[in-house]
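One structure follows; several queries about it will come next.
Labels for the chains are A, B, C, D and E, by order of writing; each one numbers its residues from 1.
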Amino acid sequence: MSPRTRLWVLACGVAGVAALLAVTVWRLPPFGGARHPYGERAVEAALASRVANAVASVNFDQRAFDTLGEQAILFGSVLGTVVVLRQTRDERRVEPEPAGVAGPVRRYALIALPVVLLTGVYVVAHGQLSPGGGFQGGVVAATGLHLLYVAVDYRALKRVRSVHLFTLADAAGEAGYLLLGTGGLLAGTAYLTDVLPLGTFGTLASGGTVPLLNAAIGVEVAAAVVVLLARFLDQAIEIVTSGEEGDRAPGTDGAPGTGGARPAGGTGRADGADGPHRTGRGGAG
Amino acid sequence: MDELPVALALLLVACAGTAAVATRDPVRQSLVLGVLGLALALLFTVLQAPDVALSQLAVGTALTPLMVLLSVRKVRRKARSERREEHE
Amino acid sequence: MSVLPYLVAGWLFLAGCVGMATSRNLIHAVGSLAVCQSSTYVLLLAVGYRRGGTAPVHSDIRPGSRPLVDPVVQALTLTDVVVGATVTALLLALVVQVAKRHGTVDPDELRELRG
Amino acid sequence: MNGWLAAACALLVLGLLPALAAACTGPVLRRVLAQNLTTVLTALVLLLLAQGYARPAYGDLALVLAVLGPAGTLVFERLLAEELAASPARTPFQRLMGLAGTAAVPPVVLALAVVTDPGRATVKLLLTGCLLLAGSAVCTRALTAAWGR
Amino acid sequence: MTAAQALPLLVVLPLTGAALLVAAGRWLPRYAADAFGCAVAAATAALACLLLAARSGSAPVEWVGGRRPVHGSGVGISLVGDRAGLGLAALVGVLVVAALVHSWRFFDEPPSGQNGAFPALVLIFQAGMGGFTLTGDLFNAFVFFELMGVISYALTGYRVEEARAVQGALTFGFLNSVGGYATLLGIGLLYARTGELGFAQIGARLDARPGGGDALVTGALVLVATGLLVKAAAVPFHFWLPDAHTVAPSPVCMLLSGVMVQLGLYGVARVYWTVFAGPGGVPEQAVQRALLALGVLTAVTGALLCWLQRHIKRLLAFSTIAHTGLFLVALSALTPDAVSGVALYLLAHAGVKAALFAGAGVLVSRFGSVDERELHGRGRGIWGVAAVFGLGGLALAGLPPFGTALGKALCEESAGPAASVLFVAVSAVTGGAVLRVTGGVFLGLGGRGAPADGGRAARAGREQQAEETSGAGEEPETGVRLTRVPDTMLGSAAALLAGGLAVGCVPALWRAVGETAGAFTDHAGYAASVLGTTATGPVLSAPPHWSVPGVGLGLLSVVLALAAAAGGVRAAGGRRPRWSLPLRRLHSGHVGDYVACAMVGIALFALLLW
């Protein structure tokens, strides 16, 4: 379709869908109504199983099968990304260059790094008590690790990040969730039934399997995000195809992403990005 | 009056969403998407959904922009090298 | 006010779709898809809201002391946020490969798969 | 609707909406500065909301944003070095944005600290405040340094 | 362990297998990873078959997490092991095993350190499809819908070295995601109205509301069905399918075309009967009208474009679309008889279509091409593959005693005489296209399609070229070109074809399908079995069987298909008719076009339902 035709087709479609949504939405119960039968039952069930955060109870107990599917999506899409962003035959790796980062930024990052990781662990651990949980905390922790890339450089990140170990942790988190569910089967009831003692309301160990499932998700998410970003970072920094910028002689116009227009020196980083530069290595594929 | 925060947050989300679509350059769009993420987190908080707000913050502030910008960088590097090839 | 959140949800869905359909850059299209998806968050949470309610989290309130909003939609939205993030990642990975193999990320310039 | 919520609404209208507008227009440097400002303001609004709804648990949101927000801004600063360097010279407006991000934190946090009963909640609040201040200052500095080169 | 307790294992087993494969991917040698994947898939398939066979009395219902409802309202998710769900789970298992066996020597290049990546992805795919068939909860169905989606984008783009592959996977991802979000909006609307998420519970709440369905219910049906129709590739939501099938590795095509597309249809039917078929739902006539219109549009478009293709996998993809259209037309009768016809048709079609894709996979690996013109006459000698294509074409056309013929005959009976014309024509055209390929490629019949001569013809040719996808220059999926056809590939294709034949020859299966259809279309019965209340049993109809007119129409369409193939072979390489240009131009591989068309589709579907 030519852009013009597409626009017309789109206009018709959007008008139709807008009309549909408008007509439909007007029939909805008014915003803020008090009738939430499922929600009320869910809160009751959460309190009965001594989970303070009803959302965590829905996620990891009442509708834990949804979360099983959700973590399978995460696991599968990380695997898919690993497959899609793999290093192919016509590509090779180059060593990332060290990046010069302004001192205050580097100091900030090195101080903030443990704080972020702790925050992540806190958010995971208190998942069944206060807002938070495995997913949120896992992402926070994994993001925190990447402060190393953002504020130091890629080599610093690579030193502490073994993609292989994180892949293992990803799979272990996934398998852990699945296996925790079989506890119910072993006890002779349904899959994912909460068979552990419920503990005291409002403590870290309350809610039976809820904190365990929550922790499994936390591990999986944190590991999955690290693996995922590792693929993107590899592509953006290390992997080059023949004929791509990494191939040319050094010094023509600086590393990609930094451009050539900028005068060198100054107070900031010397050469802001971990662009590929020419090294003897390569041809790993 | 009690729902003024909700209405304002909705307004902010609608504006940010529209702006995110209207910003055609992916780099600039990723900045607006970051703001949209924050606006959504605010909306979720006033809708009394702190759990969701937290996950939106976790995903929207650093993770998504990092992925988008890394993709942009790879794409540009590729495009630039192809342009150079044509040029030569 | 009684339908405003729903209208905003519909608006975001349409805006995202328009963005995708008219996009000249696949990365921008992925961003538009994210906008499209945020409509589902808004709709679900708006459906679960209750006037004067507070979060169904009993870490700092006594059970039964205040009316609560619906925890179920919040759990659904959480799942949805995760789905959104992973789909974004996978699509961006594919865009990176498109750029590598086609040398462009403009959908108008992709000249395969016709007819 | 109590005073805290009203303050949150005011901050939303007077702070976040203009910041959104600034993030949607102009050169990249201005946009990144505006994004940074949005992060800080959002964290403050979240703190005010937590107080307004009488739910200290919501304070966790601000804490998470205080640690992740600067990380996000640094991502932009890191990966957009080229665009940032190409941005035209700093305008007073941009300087104002950089300042506003840092200057808005102490009044809000201190006001909240006064009304909070001393205890863990106060510690968390002050920690959030410190992280916000430090993050905002470092990000603004890094951004303007990128411009200076 | 009871049957009900075992239901979640159909999801859990393959997921655990995938986790182990990923964890051990670094150390496992290639063949061990393949063998392990096959074993887990086979075990899951066997479990599904066992549950299907062992069933007695009412369908097993499992409340995951042990959250059984009290007085009809609960907080858990139910898995319903009725025959339709378990049968599809078994079909999924069989096809997954076939695909893994077919891919035994496929894919020379797994990502480094991840030897088990392909089987692991396929296992997760199996889990997603299994969960989707069994779940009794609308949001849970969405989760598994997205799981299927995410994995299928990755599998479609598996061969990242190929420019087309990544583009096809990307458009697939966009269109499916938009559909999925529309579905989720619909789920939100239904939740707002009823406050429930289970199929049976939503249905019960809708029925309890005085005054019947209104605009909200209809709108919710439109939105929920959008995602499912995207998956089912109904025109105009179908654009992803030909692109994905053109580029996906053949074993993936076997899964996509064999069962994933049909799961979309299953979803539409399941949601309609459990949620919207009661007095509080959507009027029957409106649904009939909408499904019939979409079905006819889909069948005709699919058949026309199928005939016009030269890329063999794309041709097969359009034939899938055409058959989806036929299924929709048959379903639009909304009777148990129609459902049993569609079920048999679907089962047999899965076997035949998967076998054909397996055959196409052999061609790619052997010749590095799936272009009908380029391969002209080069297939002489690989008679096994020739037989698969020939028999597959005949089966698609509806040759008794293939199950496709039985299903088609039953569908014709329930859809009426006017629809019979459509069924005969569409199956003749799609079968004829496959037979044309067989004649040209394997028998060397007809001309090669000489290059056009003269300026005007050449210009016309170029114009044509711009709007078609050739199948030349494919990378062999095996890394190196095969010199002979591996037994695993041929064996899996033959077994699938035999399965398609068996559907038409086993009366016990027909009886089972007849009963299944009765229960499947029973709105109140489903709710009763899930919520544990009592209801009257479903209306039992006569089990499906062959009929004289059905066999006659089947033979007629085979004759027509042979005639069409003969005509097509003679005119091979000729210019494609001008009138088809706009239709072909619509399939532009452009994300924007596809999204715009999908929006029009939503509006159209809503209009038809109103």
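Here is the rule we use: a contact is a pair of C-beta atoms (placed from the backbone, for glycine too) under 8 Å apart; a residue touches a chain by one contact, two chains touch by 3 or more.
Keep in mind that what you see is a predicted model, and the values were worked out from it rather than measured.
Common neighbours of chain B and chain C, listed by label, are A, D. Considering the contact criterion stated above, the chains in touch with chain C and with chain E alike are A. Using the mean of the Cα atoms as each chain's centre, the chain most removed from chain E is D. Comparing each chain's Cα centroid with the centroid of every protein Cα atom identifies chain C as the most central. Top-ranked chain pair, ordered by C-beta pairs in contact, is A-E.
Between the Cα centres of chain D and chain E there is a gap of 50 Å. Look at where the CA atoms of chain A average out and do the same for chain C: the two points lie 16 Å apart. Those residues of chain A in touch with two or more other chains are numbered 6, 10, 14, 17, 21, 26, 28, 32, 36, 38-39, 42, 53, 55, 58, 63, 66, 69-70, 73, 77, 80-81, 84-85, 123, 130-133, 135-136, 140, 143, 146, 150, 228, 232, 235, 241, 257. Looking at chain C, residues 1, 4-5, 13, 17-18, 21-23, 46-49, 51, 54-55, 57, 59-60, 69, 72-74, 76, 78-79, 81-83, 86-87, 89-90, 92, 94-97, 100, 108 sit in touch with two or more other chains. Shared contact sites, meaning residues of chain D that touch two or more other chains, fall at 53, 55, 57-58, 60-61, 64, 68, 71, 75, 79. Looking at which chains touch one another, you get A-B, A-C, A-D, A-E, B-C, B-D, C-D, C-E. On the chain B side of its complex with chain C, the touching residues are 2-3, 6-7, 10, 13-14, 17-18, 20-26, 29-30, 33, 36, 40, 43-44, 47-52, 55-56, 59, 63-64, 67-68, 71-72, 74-75, 78-79, 82.
Listing the residues of chain C that touch chain E in their complex gives 9, 13, 17, 20-23, 26, 29, 33, 36-37, 39-40, 43-44, 47, 72-73, 76, 79-80, 83, 86-87, 90-91, 94-95, 97-98, 101-102, 107-108, 110-115. Across the complex, chain B is touched by residues 1, 5, 8-9, 12-13, 16-17, 19-20, 23-24, 28, 31-32, 34-35, 38-39, 42, 45-46, 49, 53, 55, 57-58, 60-61, 64-65, 68-69, 71-72, 75-76, 79-80, 83 of chain D. Residues 1, 6, 9-10, 12-17, 19-21, 23-24, 26-29, 35-39, 41-42, 45, 58, 61-66, 68-70, 72-73, 75-77, 79-90, 164, 167-168, 170-172, 174-175, 178-179, 181-182, 184-185, 189-194 of chain A are the ones that touch chain E when the two sit in their complex.
Contact residues of chain A toward chain C in the complex are 3, 6-7, 10, 14, 17-18, 21-22, 25-26, 28, 30-34, 36, 38-39, 42-43, 46-47, 52-55, 57-59, 63, 66-67, 69-70, 73-74, 77-78, 80-81, 84-85, 126, 129-131, 133, 135, 202, 228, 231-232, 235, 241.
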